[in-house]
Amino acid sequence: MTLSTPLTGVVPPVCTPLTPDREVDTASLVRLVDHLLDGGVDGLFVLGSTSEVAYLTDRQRALVVDTVVRHAGGQLPVLAGAIDMTTPRVLDHVRALTEAGADAAVVTAPFYTRTHPAEIARHFRLVASASAVPVLAYDLPVSVHTKLSAELVLELAADGVLAGLKDSSGAEGAFRSVLLGRRAVPVPFSVLTGSEVTVDAALAMGADGVVPGLGNVDPAGYVRLYAACREGDWERARAEQERLCGLFGMVTAGDPGRMGGSSSALGAFKAALHLRGVIACPVTAEPQIPLSPRETEKVGKHLAAAGLL
Amino acid sequence: MTLSTPLTGVVPPVCTPLTPDREVDTASLVRLVDHLLDGGVDGLFVLGSTSEVAYLTDRQRALVVDTVVRHAGGQLPVLAGAIDMTTPRVLDHVRALTEAGADAAVVTAPFYTRTHPAEIARHFRLVASASAVPVLAYDLPVSVHTKLSAELVLELAADGVLAGLKDSSGAEGAFRSVLLGRRAVPVPFSVLTGSEVTVDAALAMGADGVVPGLGNVDPAGYVRLYAACREGDWERARAEQERLCGLFGMVTAGDPGRMGGSSSALGAFKAALHLRGVIACPVTAEPQIPLSPRETEKVGKHLAAAGLL
Amino acid sequence: MTLSTPLTGVVPPVCTPLTPDREVDTASLVRLVDHLLDGGVDGLFVLGSTSEVAYLTDRQRALVVDTVVRHAGGQLPVLAGAIDMTTPRVLDHVRALTEAGADAAVVTAPFYTRTHPAEIARHFRLVASASAVPVLAYDLPVSVHTKLSAELVLELAADGVLAGLKDSSGAEGAFRSVLLGRRAVPVPFSVLTGSEVTVDAALAMGADGVVPGLGNVDPAGYVRLYAACREGDWERARAEQERLCGLFGMVTAGDPGRMGGSSSALGAFKAALHLRGVIACPVTAEPQIPLSPRETEKVGKHLAAAGLL
Amino acid sequence: MTLSTPLTGVVPPVCTPLTPDREVDTASLVRLVDHLLDGGVDGLFVLGSTSEVAYLTDRQRALVVDTVVRHAGGQLPVLAGAIDMTTPRVLDHVRALTEAGADAAVVTAPFYTRTHPAEIARHFRLVASASAVPVLAYDLPVSVHTKLSAELVLELAADGVLAGLKDSSGAEGAFRSVLLGRRAVPVPFSVLTGSEVTVDAALAMGADGVVPGLGNVDPAGYVRLYAACREGDWERARAEQERLCGLFGMVTAGDPGRMGGSSSALGAFKAALHLRGVIACPVTAEPQIPLSPRETEKVGKHLAAAGLL
């Protein structure tokens, strides 16, 4: 499996099921991958933010890639996040995920350090030139605290540095600039949206695919949504998208007075996967705050309302 | 060497000299440690932001701690940063630095992930309870994008979770709240300022010590400043501090139009150490932008004006 | 003219032409209104951000509303911004624009002061209860530095406080939440996007209309775009939208190294109106930096490429 | 009264007492001014953030300046804020406060609009050249969302544009840069800190005076603190400052879960003035949330602990 053709379709960021003592639950992970394959997805993205990559040790990261590649590698592309602060540390992750068999690396701008667009460009160029697999840029300002500009992304695309962009910035205007600008890019370049709730809009504008965290819970829904868009049936697409918007409401199940947004959203996805019988345990990594039983009930109601329970 | 008594005095965050191909230059690192010891410092903080910890691989981090502990361990406390995104990853670093012989771990709030004060507290509690060495909190909002509140710090101090605070927030009001509040804390708790330019003020307010990046360049200056403050000679302290403020101007040597603040400040410290003959090569880690010859000249002028060249 | 029926269609925020000595150029303003009416717009929004409301004195604001209402009032709804820091000051503006004959007031959350959602709700409730005309909320986080949550907007809509929302947040996910949530709102409520570049997407999601700053330059383009969306001709809509996206590139004409984003964008709109012969003078209000001749040339090229010159 | 000599000493930002129906309570305002004069203050700053300037209508602003100037003008300098979004609107306020007899205008950088250092410089230059009274810069990033750099302030000071700086940024490092840099400024230039809790430090660094909101509640305390600093009695200064730090704890009386920081801090100052019998009514302007009786009790406890009740 290579990425010689641009990546398209539904590529969910795969949750990382944990045991009660917070080891990677590989049996549940394999079941989750099967659940996604059954749903009809076009690729898998492990070690993304939704995968709790920020919470996984290097050993756990390697185990995740190895488990997923062994189970599904070759059937569909497996992308893996190489999420760390700067170039040398990212390169260590790129080497590890390449050895474990991932087909592409997904990389953010530097974070923690105070950076500059010239340094961000240098970072992607250095990472890509040292990587044996294609590199996609991951634009996630809520975590990285800088936004990749359309100009920068298009420059790196045109120079063959980047094989694609996963845009989780929520800034649709800049996203569209990339989509319009890449028409002048002479090499293949995949543009994927990380939004769960504006997939129809992104595909209508010309995006190639979607990387929806909620796709863990309802992969078949996103696959139907993608198909409707590709067929130009915008009415059906909108109806499916709106159903998924309702389901996405689960991410606010956790009380913001006692936990952060990651705890609530990732807790909800895992609670839903647990309630649906896909994973054995809904626990999230430390120091996230677990959902209360009542908050978990809310997640169940969202599932029921969407016909998933 | 333990931290059974609270840490006081001048504890510079030790720069990490690199070779031209960006390996840790252990010979230069040993010379830098000697330069700091000759200056009369009271402790060493390796793997801090000034040490380019964000750019060092795990292997390089271990090499740094090992080199410094072998050379200076036992003579004075060696603190080491365990800088990573979340609890499980921080704990891996804490284990590594403990094995390498560091006397304490310095830990930030979680970053990259969207967090909450309850999760930050949980993070420090989990890290401290699993750590064989004392844990100090590192408040660096410019990197971490959350500010540790005085309430949170004092709660963790009173519960014996934290052995101290390194405050690099630049928010003197909140810093003073910690200093006043800790009088009611029944256990030893060190409060250190990370500011280079308000050390006299911080010590006058009751701080225990200072962790100045610029202390790499002029350790003796900070040692004199600390001594003057301890003797209550505020006039002499102010004069020394103002000389150091002038020297600190070197951090703006790099053109902000073509590089970030880290590239400029860390580049200037290393250029100064190179010009002073302490380290063999002024190179900074990737993807930082190097200072130009003309920018390096500016650093030299700052050294000359401060009588250091 | 009342707003008894929800507002729909193209409602451009009307630029405020100035004389070289920075008085309101009422003759040019009337010509601009005619230009917009000729383009087929459905309403006019004076004293918005694009109108340089932040730069207009109270006397100038009154003159603008008076001029536009006298010329176009009764033919189509005239909305006016009541942009100020807090409730009492906003209410003064609401009174002034009501006396001058505006049909509705457009109001942001409090700014300059540190605020809270409960205070924002109270602000809108107090303003609406004291206003003789309907009140629309204006969500513009880039200026106001808080984001109106979907929950807050929907609560105020359901209670009849707000007659509509102008969303210039660029956050399409939250925008969609408002669109989905308002289906349960038992009273009419207009949802308008302030984006120039995702109008087709916003209308496809169910928005009622668009308030595009670029609509000053090419009102007929936005009217065609709106019509294509209403007819469900998404291919034609997309083509028109993409042409307008290209034209929108003019907002980056100004060098970000020597001016802010407002100077560049508002300067470009006015330069374009001047080049098209609509207004007599392209000057912007103080302390904005004017476009250079070369930057103005760039604007001209955008016009030419879009077939408008 | 002119500002021909640089302003020094304690210059509290005067609270604006309101009646229960939120009109300016001029009788209470006069009593508050007398309370401040009795405390020994060196100047008065009306229409600052602590004065709720953001909430006062133009009519109310004029009434405040008029009342205070009539009562205390000529005895000590009366500074007045000209707080608005951009140059033309600020100039209207400057004219009004000059007519009402204020001795100087206090002006922020532009806000609401997206700005740039070149525009900020132009703003201050235009305002100063059109002002009949000296202009001081007001650095308040929490409200204005830009920080005035030391370079910009010193350039405007050297050119005679600014007569002084009121620094409420809380960034002591940049503050010290201004203090050190102004030694090379050939004209008088006052540097005042807006911090309540680091006055001893600011004066030790060379600041000329202090503009403490808490000075409304305990003017005599700040006058004693200033005197101790001027006499070089840093021990006495520190003790007085620490007592005032304890008193300042009242600003967190309001529950952050139901109100913003302005509601809590300004509500506490007014509650304290009411409890001390200085003003007739503790009400704050709309849409601020009032303190509950229990929160007001907390304010009383702070007063009692500081020996003020």
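Order as written gives the chain letters A, B, C and D; numbering starts at 1 within each chain.
Operating definition for what follows: a contact is a pair of C-beta atoms (placed from the backbone, for glycine too) under 8 Å apart; a residue touches a chain by one contact, two chains touch by 3 or more.
On a predicted model such as this, the values are computed, not experimentally measured, just so you know.
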Touching chain C and also chain D, the following chains: none
Homomeric contact chain A-chain C: same or different residue positions, threshold half: same
Chain pair among C-D, A-B or A-C whose interface repeats that of B-D, sharing over half of the contact pairs by residue number: A-C
Centroid-based (C-alpha) most distant chain relative to chain C: B
Whole-Å separation of chain centres (CA-atom averages), chain A against chain D: 49
Distance between chain centroids, defined by C-alpha means - chain A, chain B (Å): 35
Multi-chain contact residues (two or more partners), chain C: none
Chain contact graph, described as a line, ring, star, complete graph or other shape: ring
Every chain pair meeting the contact rule: A-B, A-C, B-D, C-D
Contact footprint of chain B on chain D as seen in their complex: 170-173, 176-177, 180, 195-198, 200-201, 204-205, 232, 234, 238, 242, 245-246
Touching residues on chain D, where the partner in the complex is chain C: 22, 49, 54-58, 60, 83, 85-89, 92, 110-116, 118-120, 122-123, 126, 142-145, 256, 258-263, 285-289
